[in-house]
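Down below are the structures I want you to see.
Across the two complexes that follow, chain A remains constant while its partner is chain B and subsequently chain C.
Then we have the complex of A and B:
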């Protein structure tokens, strides 16, 4: 199954049609290997760094394969112009931590990444904007569809913290020692509704 | 939207009370509770194999109690 979404071309703000697929397929993983990885390596080489972007070590093939048999795991891919523009994996058996919704189920975003050519830090100028927002909206819609009322949670890489706090309006709960000290963020029903209204 | 199938579930009053109680506690519909329970059972069943145990650990005391699963 797939749905049409709109992204923005970074250089002039023009809307670009994209397709949201409700599963990361073999073709997406092949594109990740043949297009994303070389670009991330090139960026690392340019910066004389061994690591590249924070998520350069994510093995999407392994992650998708591991979650494929579980009802709790969902994966999504965004395509535009024949190219893979982003991928997301989410889990639906995770409980909320904020006091006002503690213990209630939410959609937990395990991994979210945009193609390297869409990131201002790795590609200047970047090509498309709005991939992160499209995926957060997708997670909210999934949460509503599951009866979780828009509740969403995630651990953020340091480079994306401002995006989740400022752009998405999520509540920052601080670093989590059980998750490499990554900062945990959560979205309440009200915050989810506000995000949907303002996007 | 993925295609959905319908099933009828017969529960005892006590089981239904628990479903209702969990629905309130988890802010879910009764169907939502049953779907969540199914996902959890599938996850746990995949992890708990012969020679492996499932524990709940107290954050403060570090005391562990074993959960007995099927």
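Then we have the complex of A and C:
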């Protein structure tokens, strides 16, 4: 199963058709290993840093393999012109923390990352825009399909907090001591509806 | 997933702009990605080296030409061809597979860069390695190159 989505090419503002695949496949993992990793290593080398971007250590092959053993885990990949542009893993057996929806089930985004060439940090200017939004929309749609009414939760990497709070309209619940003080964000049913309606 | 109109994505892409969007595990867990050492990869890497060399020679290409066609360093070609203990970059194998017109996944497997290995492919690789070693005498060019290299070695020993 796959869905048609669109991304915006940064250099000329043209919309580019992309495919959202509802599974991270072997081919995606091979692409991650042969294209993302070398770019992230090159970026780290350029900055004389040992580790590169915040998510440079994520072993997607291991994560996908582990997730495949749980029915509650879903994986998604975004392709454009056959090239892997982003990946996301989500868990459907997590409960909400916001007082107004406390204890209700939501879709928890475990991992979300874009290809290094789509990030301002590693590629200036970035090539394609809208990948984060396409994945948040996917998580909302999954939440609705599961009967969770669009509720979504996630721990944001530090550089992405503005995106989730300001651009996606999620509620910031503050640093989470159980998750190395990463900031936790949650989307309510109303916020999810606003996001879907693009307002 | 329900399909959304183009305009939805256009507007969202503008709102998103150049924002970072990563979400997931705590940054204190970071460490550089290291590939687990592949078990028993030497046998198929010997086959990989011979395959690359024979494919190249069959085309009449020198290592530099192959490196240019693949977009990788000549030193990497030489390393792959001659050192079964080398750890080639997956991207280099990927690019070579495109030049050779073979499935990248299979070539990555022969290179020992994936953990799931196909027994039949491994058997074929070993058989190839065992039978593709030249047993004929050296060509004139090979003999000249060998003699020149021996001469260079002798000269550097004497100096």
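As a convention for this text, the second predicted complex is superposed on the first by the 198 of 199 C-alpha atoms of A that agree within 3 Å, B and C clash if a C-alpha of one lies under 4 Å from a C-alpha of the other, contacts with A are read in each partner's own complex, and residues count from 1 in each chain.
Keep in mind that, in the parts below, contacts are C-beta pairs under 8 Å (C-beta built on N, C-alpha and C of every residue); 3 or more make two chains touch, one makes a residue touch a chain.
These numbers were taken from a predicted model, which means no experiment stands behind them.
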Figure out whether A:37 sits in contact with chain B (first) or chain C (second), or with both, or with neither. second
So in the superposed three-chain picture, is A:192 touching just chain B, just chain C, both, or none of them (first/second/both/neither)? neither
Once chain A of both complexes is superposed, is A:103 in touch with chain B (first), chain C (second), both, or neither? first
Using the touch definition from the top, say if A:147 reaches chain B (first), chain C (second), both or neither. first
Have a look at where A:158 lands relative to chain B and chain C in the superposition and call it first, second, both or neither. second
Touching partner for A:113 - first (chain B), second (chain C), both, neither: second
Residue contacts on chain A - larger count, chain B or chain C: C
Partner chain(s) touched by A:87 [first = chain B, second = chain C, both, neither]: neither
First (chain B), second (chain C), both or neither touched by A:70: first
Based on the A-chain superposition described above, do chain B and chain C contact any of the same residues on chain A, and if so which? 22
Residues on chain C engaged by chain A in the complex (per definition of touch): 1-4, 6, 8-33, 89-91, 93-94, 104-105, 108, 113
Which residues of chain B touch chain A once you look at their complex with the stated criterion? 1-2, 25-29, 31-32, 35-36, 38-40, 42-43, 46
Show which residues of chain A lie in contact with chain B when the two form their complex. 1, 22, 69-72, 92-93, 101, 103-105, 146-149
In their shared complex, at which residues does chain A touch chain C? 3-8, 10, 15, 20, 22, 26-27, 30, 33-35, 37-38, 41, 44, 50-59, 109-114, 119-121, 125-126, 129-135, 137-138, 141-142, 154-160, 162-164, 167, 179-182, 198
